[in-house]
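Below are two complexes that have chain A in common, paired first with chain B and then with chain C.
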Partner chain A sequence: MPRQKINPWPYLLISPALITFFTVVFIPVLNAILISFQRYDLRRPKAIGFVGLENYINIFQDPLFFQSIWKTFLWVIFGVGFQFILGFGLALLLHKKFFGRGIIRSVSLIPWVTPGVLIGLMWRWIYDGNYGVLNDFFLKLNLINEKIPFLAQQKSAFPSVIVTIIWQGIPFFALMILAGLQGIPGELYDAADVDGADGLQKLFKITIPMLKNTIYVTTLLRIIWVANSVDVIFNMTEGGPAYATQTLSVYVFNKGNTLNLGYASTMSIILTLLLLLVAILYLKNIFGREEE
Partner chain B sequence: MKKGKYRLFQLLPLYTLLLAYLIFLLFPFYWTLVTSLKSEKELYGSVLTYWPKTITFESYKKLFVSFNFLKPMMNSFLVALMTTIISLTVSLLAAYAFSRYRFKGRKVLMAIFLTNNMFPTVLLLIPLYAIMRNIGILYTPLALMLSYTTFTIPFSIWLLSGYLRDLPESLEEAAMIDGATRAQAFLKIVFPVLVPCLVATGAYIFMTSWNEYVFAVMFTNEASRTIPVALKNLIGQLGVEWGMLTAGGVITIIPVCIMFFFAQKRLTEGLTAGAVKG
Partner chain C sequence: MNKRVLCLSMSFLILIIVAIGGFAQSKSVTITHWYWADNPQYSATMKEIAAEFNATNNKNITVVAEEYPWDGGAYSETLFRAAMGGGGPDTSTFKLTSTPLFTANNLLVKLDDYIANWKDKNDIEDSLYNVMRMGSGTDNIYLMPWTTQILYVYYRPSMFNEVGIAVPKTYAEFLEACKKLTRDTNGDGVIDVYGFGMRGAKGGHEPWGSFIWARGGNFKDFTTPQAIAGMQDFIDLYKNGYTPPTATMDGFQEIIANFKSGKTAMTVHHIGSSPGMIETFGDDVDAFIFPGEVGQWTSMGDTENVIMESCKNKEAAFEWISYMATGKGQEKWCTVTGNVPVSKSIQQLPVFQNSKFMKVSIEGTPVAGIYPILDTTTEWISTIWPNTVAAALLGQITATEAMKKLQIGLYGQ
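So, the complex of A and B:
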């Protein structure tokens, strides 16, 4: 049997992307693993060197580490959960025909393309304890008697930053679900109408089952992004007060900022492993469909 | 008559809900704009105003004159533009290969680029910082461009492969039968159709580079810092300069909005196609 000639073109075309990938992703990831086994604190450059599992052992004795994992969990559950519910609602509204739909669709997506820094800072200003508009608003409605320093109090800081991440994520969910809604054939609803189904029945028997895959993939993507998000929290509270808003990503970032690279790397590897399960589910879905 | 009443009855709750949504989604922008137009006295006065009593551009002037905001704007523009050019070129080549050739290792290579988007930013941040520090490009625009390609290239490959897959191959094949080379067929037939998609992808790359903060704050210094870092720096030890900060916010978001409106249609088509199909 003659050997099949290998066409070099696809490999040549991919090589620039692949070389970039190796330089800026593959080598750094290997490097992160190496750094995690080192005492690598740039404030103490003389002490840099391999220490085996020291960082890993220290992390598992660090109460802040476990607290930040718990915070990440809550951050993802409430953040993504409400992004989904509200995004779904918005998509259903935007799917209806009404005057000015096109422009409202575009405008309602703007939070999605707004810089995370700006989102954090805009909301920080809204929440401000002295001049914040939210306090003024609540006072006018007689909901509160005195101003609340939303971001400076332990108990209100975390819910406040979660509201902000929900606000950021609604448009993306709405966008994906809206595209899914547009793909559902209208005949299905016509048939349901003939059978006398009401709105809720149509929602649960047609809309949601038809959107199952869209919802699944979008949710997985959002979980990864929200868990990795640093800029919003960091620009609102920097993880404070007293670590009340410090998720694992923010903790890594704070450690990186204080130049303790060894400790930061170790935690980022744990974060990656925790998110790996979500990533695997996502990839299985994408490639499962390619095969068909 | 009956129908008109019915429609109004049906649409009223819809409009009310939409209005509530829009207020929630847009109020922060309104508030940022209003704040940036207030005088310092009004901003920190005892009574909060929902529209400035007197509109003033004091904060904008201060931002450019005393804070030199033009410098970070130029830095951001340079980094975003270069990242866009590099990422688009590299990704277009790869996307073409993925969509037009069946070859050994195609799937593995595609998986590599897909998984890439799953890595936490902070996982790459730390080693990239150490590496760039060691090879001496830390604090240069190059450090940012390189680190941005970690997410722009995989994303663009994914987006562009999708667009290319939707273009029928028959036209190129016909041209090749007529004696055109593959490159000629691509340039004459595929490329013109692909331009709007390239614009949309490019706009997205530009926006994400323009907006990025986590790499920017660690990989830049006073001279090379970009807009997001500069904005955050307005929060100083003496409190926050809210007037200047909101003015900077307004300036930052205007180019993003303009680009978004141009790119929106293609971009949302490309983005949603992957998740929705199948």
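So, the complex of A and C:
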């Protein structure tokens, strides 16, 4: 039997992407895993060495770690949840025909295209308890009698940063859902009109079912991105006051900044595993339902 | 024939000498220097100092000054990461508290031999060289002193006159002044001037230390009753509304903005901000050293220059940092910024002797000190102190609990 010739072109063509993946993603992740089993603190370079599971044991005895996990959970649930609801509403609005729709669609992308660092700095001054425009606005509308130090108090700091991340993420959901809406055949709505369906019925029986794959993928992506995000919180509060806004990724960043890389790497591995678990359960739930 | 050979040989020799001289002349050295600047004027001044040095050093040394933000101490982290990554500058401005981190990783050049052979070495106090040795925990000097900044309390004489109080001479009078200066100036029922501009964010440990020492505490043990009493005073200022409610997150920009806008009557900083204060208030701003009671302490801010181990021309780098320490660079920088010069001869210049803020700074020198420089200090300053103190200010933990956390954070269990 003649031996089949192996065509080298597919391998050659994917090799740049593979090489990039290995050098930029795989090797650093592998390095982080190796560091998580070491006492790797650049403040004490002579003490660097293998310590087994010591970092993992210490982390599970760290109350700040569990607090950060809880904060991350709330950050994702409320952040992504409201991004979805408001983004969906915006997409439905932008799907309608009206004068200036093109410009409005472009302008609505501004929060998404603005760098996270700039968003953090901008909203920090919007919320400022002495000179912020938000306080000024509320005072002029007589909604408050005295200025609120939004970012200086524990009970208001975390909701304030969540509002900021919601503002940032709405356009992404709006854009993805809008694209999905374009793909829904108009005949389905015509048929629904013939059957006497009202707006809400069309929304729940046609629109949402037709968009479900778009919604699933977009939501999963945002869960991962929001859980990992550091820039907005760090530039607004650095995780304070009194760790009130310290999610796990911010804790990792702060710990990394103090050069305790072993501890920081360990927490980042745990965060990765948690997000992997969420992604697997999420996708299993979705594809499991589809197979049924 | 002999004459011709001689002439040709002489010409050839002269040509070689000129060529060697020309080669030496054209062999220039570039030194990259990193620095931070508190405002655009200081930034421009550093560029001018570098340009003047480049024009006058006669050793073909060209300094390229690159600015990086201080950002509450993130400058040191940026410098560390760059140096560890194999990049970074040849020389840099530096803070004493970062010394253990850099020396543990062999990133700094020992300056002992350079200083020993330096003609101006006696223009700097021996005590300053000793402080530099302390920072490294060794007998070696890694940092060249550059400027010092003694923290003091800015105040508005007009506000003091309005409420009828004098400059506080004791700690008790200071706390009372914070209370009296907090008021509603326009009768709308809302406080619009606060007595004290508290810095609760990163960097706030420096003015905070004065409260601890005033009650008889110190930095060796934060859990003594005296230290806890000082912490309780700090908390009470916030709880009683004598500081802006934003104090838990107020950093340098916020406390200066609050003071300049008239929102606060007193705030703690150093002579580096005095040109801006004079520009805003003219004569209606003055300063006093944070008063004591049982003890007295104020923070001695320091700024030094270092040579990085990766520098390829350390002699040229030393020329530059010594120009900054006792040469024209020192004079110009300290004249513009108002920082206290380390050079004894430059301290005597009229521009420094006639400045009221310089006088207050010098008055504070006997009680000025630094925090312990340990490998935990950076994390303590940047994360543990701000979050622990914020928790105490917001009533989440007591003064005792906060001081215990601070003790553990700096010294371990």
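Methods note: the second predicted complex is superposed on the first by the 277 of 292 C-alpha atoms of A that agree within 3 Å, B and C clash if a C-alpha of one lies under 4 Å from a C-alpha of the other, contacts with A are read in each partner's own complex, and residues count from 1 in each chain.
Please note the rule applied: a contact is a pair of C-beta atoms (placed from the backbone, for glycine too) under 8 Å apart; a residue touches a chain by one contact, two chains touch by 3 or more.
Every value quoted in this text rests on a predicted model; they were computed, and no experiment measured them.
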Touching partner for A:I35 - first (chain B), second (chain C), both, neither: first
Partner chain in contact with A:R43 - chain B first, chain C second, else both or neither: second
Per-residue contact with chain A, leading partner among chain C and chain B: B
Which superposed partner A:A91 touches (first chain B, second chain C, both, neither): neither
Which superposed partner A:I6 touches (first chain B, second chain C, both, neither): first
Touching partner for A:V80 - first (chain B), second (chain C), both, neither: neither
Touching partner for A:I59 - first (chain B), second (chain C), both, neither: neither
Touched partner set for A:D231, first chain B, second chain C, both or neither: first
First, second, both or neither for A:Y131, with chain B first and chain C second: both
Touching partner for A:P149 - first (chain B), second (chain C), both, neither: second
Overlapping contact positions on chain A, where the chain C interface meets the chain B interface: 131, 257
Chain A contact footprint on chain B (complex, rising order): 11, 14-15, 17-18, 21-22, 24-26, 28-29, 31-32, 35, 43-44, 48, 50, 89-91, 93-94, 96-98, 101, 103-104, 106-107, 109, 111-131, 146-147, 149-150, 153-154, 157, 182, 207, 210-214, 217-218, 227-228, 231-232, 235, 240, 242, 245-246, 249, 252-253, 256-257, 260-261, 264, 268, 271-278
Chain A to chain B touching residues, read off their complex: 6-7, 9-11, 13-14, 16-18, 20-21, 23-25, 27-29, 31-32, 35, 40, 89-90, 93, 96, 98, 104, 106-111, 113-119, 121-126, 131, 133, 136, 167, 170-171, 175-176, 179-180, 183, 213-214, 217-218, 221, 224, 227-228, 230-231, 234-235, 249, 252-253, 256-257, 261, 264-265, 268-269, 271-272, 275-276, 278-279, 282-283, 286-287, 289-290, 292
Chain C partner contacts - residues on chain A that touch it in the complex: 42-46, 128-131, 145-147, 149, 151-154, 237-243, 254, 257-260
List of chain C residues in touch with chain A within their complex: 74, 77, 80, 84, 100-101, 104-105, 190, 200-202, 244-250, 254, 257-258, 261, 263, 375-376, 378-379, 382-383, 386-388, 390-391, 393-394, 396
